[in-house]
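Shared chain: chain A. Partners: chain B in the first complex, chain C in the second.
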Partner chain A sequence: MSSKQQAVRARPSAGWALLGSELSVLFRRWRTWAMLAALAAIPVLIALAVRLSSRDPGPGQGPPFLDRVTQNGLFIALTATVVSIPLFLPLTISVVAGDAIAGEANLGTLRYLLAAPAGRIRLLAVKYAAAVAFCITAALTVVTAGMLIGVALFPVGPVTLLSGDTISVGESVLRLLLIAGYVSLSLAGLAAIGLFISTLTEVPVGAMAATAVLAVVAQILGALPQLDWLHPWLFTHHWVGFADLLRQPISWDAFAANALLQGGYIALFCTLAYGRFASKDVLS
Partner chain B sequence: MARTWKRWLPAAVVPAVIAGGALIGTVQAGAATELPDKTPQQLLELLAGSDVRTLSGTLEQTSALGLPQLPTDGPDQSGMSGAAAALDLLTGSHTARVYLDGKEQARVQVLDRLAERDIIRNGRDVWFYSSKQNEAVHMTLPERSGAKEHDKYDGEYTPERLASHFLEAVEPGTEVTVAEDVRVAGRDAYQLVLDPDSAETLVDSVSLAVDAETGLPLSVEVQARGQEEPAFELAFTELSLEAPDAGLFDFTPPAGATVTEHAVPDRSGRHADRGERQGPDAAQRDARHHDAKHRDGKVEKTGEGWDTVVELSATSLPEGWAESPAMAQALRKVDGGQLLSTALVNVLLTDDGRVFAGSVTVERLQAAAEGR
Partner chain C sequence: MSAGSTGDLPSGELAIETQGLTKRFGHQTAVDHLDLAVPHGSVFGFLGPNGSGKTTTIRVLLGLAAATDGHARVLGQEMPAALREVLPRVGALIEGPAFYPFLSGAANLHRLDAADRHAPSATRRARVREALERVGLSHAAGKKVRAYSLGMKQRLGIANALLMPRELLVLDEPTNGLDPQGTREVRSLVRSLAAGGTTVFVSSHLLAEVEQICTHAAIMSAGKLVAQGTVEGLRRGGEQRVTLTTPDLGEADRVLRGLGLSPAGVGSAANGMVTAPLADGILPEQIVAALVAEGVRVRGFAVENSTLEERFVALTGEGFDIVQ
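Entry: the complex of A and B
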């Protein structure tokens, strides 16, 4: 009650100040950097493995796009994205989103945050915005690390799309950034789920693990043909749909469907998180 | 207490809104529209008079043929043999984009997961490209038989081809009716229903949505006897009748791709291929086309209309196809041979090496095998 009145009285810039401090806390933690470094290591490892092995991967062998890498280094970014989408990216998002509220509660800093003129809605919004910022950073890290290592180790030239057409290097960099945007969007839904789970507990590890497990379970359900009625409702359903951005002409269908799906998940789990967080007694 | 309750309110409203939205979506999709009435005859004329030559659209295909479903998300589909690829087209769901500009330019893109298969025709050049294998096949069509080749290579995935095939079967043995109007891909359409009178065919009914404005077939749906969901469905989900970007038909194989020059099949080969293409199973035909294999082989027909049974010599089939694991799984032992049974087509491989196929019951195939 009192927090609500304070929130109303607070200056409008208080939210931005809080977001700024939240982001600086997030990106000054060594854990965040360690996770980003691990993500950047994925394309580097793939590139080194391909570079150092004497045998070129044949067509259709290994993860998608791997056979193109020796001809064009930019494909490293695509291979790395495909490889990290099922587990590595969701894992890091789970850590950040699961830690959002539960981490503060665990450290005993949550009530101080609420005592400051912030308000619970604003705090929740800031926490979610920080998690989304991390989603974007994580996706960009994989894609840019892939592009850089690809340029360093392999020849770079016009990129062959799935349709067999060829586009210039400039346009392919643009499409890779679009793919990073698509992946960030996909992860934003998971971040909302993580935020909600984070309000349920004061044990951050529990929230992180539960979020990561949910991401894996959703993907397993998505692979079972017997459950195909459920598939369009799974938040992981469009995760690999970014391939549509590699067709000529670009197909925006998957992007639109993914945005709608993730929007639904974000709306549902952010309101659930609000319901839980606004009505719970903060004791720590 | 009331306060606490209110804070959960948004969380209750969101699913309600989503459910409402989903409900409105399905109601709109199935909404019937009212068009001036037409007789089947008028509708067939509208269909035959269709002169749509430019379009770009998205096609959605689903099959429920009762074949064992192959996992589509498997880690390795690269080594897929011809037979497995055929089964994949028969069992799975597919999305394809179609671009047409005149009789001479066409492009079909089958959108796979993280991959794509393209067929591009530009004048006399026909290209086939598969992104998974990164290989391209090129064919140059002979100049004179343009119309026939158009019929063969163009719009393999458009309802137009499938429709004309079924219309050939319109005969005294079929009841043709006009069902209530539908909306397909955002366009008003008439619905033509073909109902076979024969008791021996597996086809229950075939419905065809015909665009009210242009007469272009917008969807084809084949119902099989004793099955609730359509056995085969092919429909536009998006359609624009404007000419697509000309650059789309301009295909150069990408650097690094394996390019194969394929000779255009001679006349006899084409003839056999035609024969094999009997039976309303377009997907199978498509898979054969995809292989771009043309074989010699004798084809004999027995029966008429829906009850047609086709006999193929075993040599007309790809070697070792019955031994492939996917086929072995689908085959079942019956009297006189092995049966590949689907909702729409039965194929009988007799013990003495002959192959009988048709959209008919097993008994009918066995009777044909025993000497008609």
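Entry: the complex of A and C
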């Protein structure tokens, strides 16, 4: 660039505007709010079913923690989280992550973003950051909606943990938010896989479906005892392993193991996405 | 200036320059050893039938696709290596407009402007408003793009190219979907931008459009460059033609043939017309002198340049066949 050009053009900004724009596009979409509403409906449906039923769920009946709900409404959040993890949460993440690049390619806006120029690496980073932001929002939506409906329909009090200790309501809320963090971390690995698949196609629905199918297949493989050698390598391996966060003192082993596993998946699939996208001809 | 002579300019004078640029998709060659020379400050018409490789060339120039072979320089810098420095100075409309249908026109421009790190956020709102005003879309700024007509989307696409002051505008089929009024507006917009010193690179398959606004043009056919130069030079590169109005058709025909021309007569004996391509080495005045000497009553005589359209058809072939 000549000195004259440098004088005319201001120094480039750090580029946070694109992330802001990405988040605003994501959360201005009707589809995003529909998915969050569907996630919020899960704890509400569970709470209403238990409240309106004539008999309390017996010990060990139904999904985990359901039998505790009538004594303490906060358990709705826990039950709803466990229920949403296998399918509902991964499905919404698949939609957002699978749409990341393929959706822009499908609209044709990808060529305009790159000609702006957004920069391919920067665009991928922004897309992944937005997908992770959605993972956090989705997990928080289930947990928060669960707490709110629990408080509205059931008594709330100190919570007895799996270790037998009792913690206050305030600390229980913190533990639930911690679980939301754990779930977000689990989903961040899936989001990286979805981002990579999204760079392979110009058909967003295809990328979304492929990502969701992978999440289900990984869980099926994880349920087959014949493949137990494979289980520690599946990204779904620690998905429901947050029970350790319900002990006193908190055991961080599962959290650390999950972080390591998800970190590996994030590093691998973000690298693959970069490898694919950095040199790809954008012809959409 | 003859066709192709712009290529002799020093490279510092060229806004776009390609050497042997080739793009293959599998076995199909979309762009075949293209040597393009777009002078600074020109309005350059990039012509060719559908499927002749125009859009592929533009994608390579903007770094969206990688060339299989050859070099491309845009604003004096190698592409795609200097993409980050070059693209902020280039406004582009690539293969039709594309927007988020669920966002308003203004919100779409905000989004694309935010993608450019060189576009200051402090002036974003004002620049978006100005760009919308420039293409006559102020009234629809808050409307969702889903509700836009094709012509409105096209205007919004041009507004996007005008968000920042640009040194080069690449407009791929800018008048597609526009009504005659919109086409006129785009033409006057291009003229005013060119007057401000911006180089404008317009691809089109509509010749009339290019002939009216362009100073230079290149013609593509089946991925190859078949002609390039000033519009005037291209037009002159085609054959000239003499048209003679006379009642003495038979005699005129004989005289013209005697000069080595191949005339074709039309009309009645009372007031017929004879046209013939002007052969090299024969001056128009020699023809008139010969006609008069033989007693042919010359009522009208004209030398006509071929139009760019005739030149285009001569170079790319007639008909609607998409060249593969």
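We adopt the following convention: the second predicted complex is superposed on the first by the 270 of 284 C-alpha atoms of A that agree within 3 Å, B and C clash if a C-alpha of one lies under 4 Å from a C-alpha of the other, contacts with A are read in each partner's own complex, and residues count from 1 in each chain.
Definition applied: a residue touches a chain if its C-beta (ideal position, glycine included) is under 8 Å from a C-beta of that chain, and two chains touch if they have at least 3 such contacts.
Since the model is a prediction, treat every value here as computed from it, not as a measurement.
Contacts of A:Q61 after superposition on the shared chain: chain B is touched, whereas chain C is not. In the superposition on chain A, A:G15 makes contact with chain C only, not with chain B. Using the contact criterion defined above for the overlaid structures, shared-chain residue A:G275 touches chain B, although it does not reach chain C. Contacts of A:L114 after superposition: chain C is touched, whereas chain B is not reached. In the superposition on chain A, A:F27 makes contact with neither chain B nor chain C. Note: residues 279 of chain A belong to the chain B contact set and to the chain C contact set alike, using the contact criterion stated above. By the touch criterion stated above, chain A contacts chain C in their complex at residues 1, 5, 9-10, 12-15, 17-18, 20-21, 25, 28-30, 107-109, 111-119, 123, 279, 281-283. Interface of chain A with chain B (complex): residues 59-61, 64, 67-68, 71, 82, 157-158, 160, 162-166, 222-223, 225, 240, 243-244, 247-249, 251, 253, 264, 267-268, 271-272, 274-275, 278-279.
Every residue of chain B that touches chain A in the complex is listed here, in rising order: 3-4, 7-11, 13-15, 18, 58, 69, 71-73, 76-79, 97, 109, 111, 113-116, 118, 127, 129, 131-136, 245, 248, 251-258.
Chain C contributes residues 59, 62-66, 77, 83-85, 87-90, 92, 94-103, 107, 110-118, 120-121, 160 to its touches with chain A in the complex.
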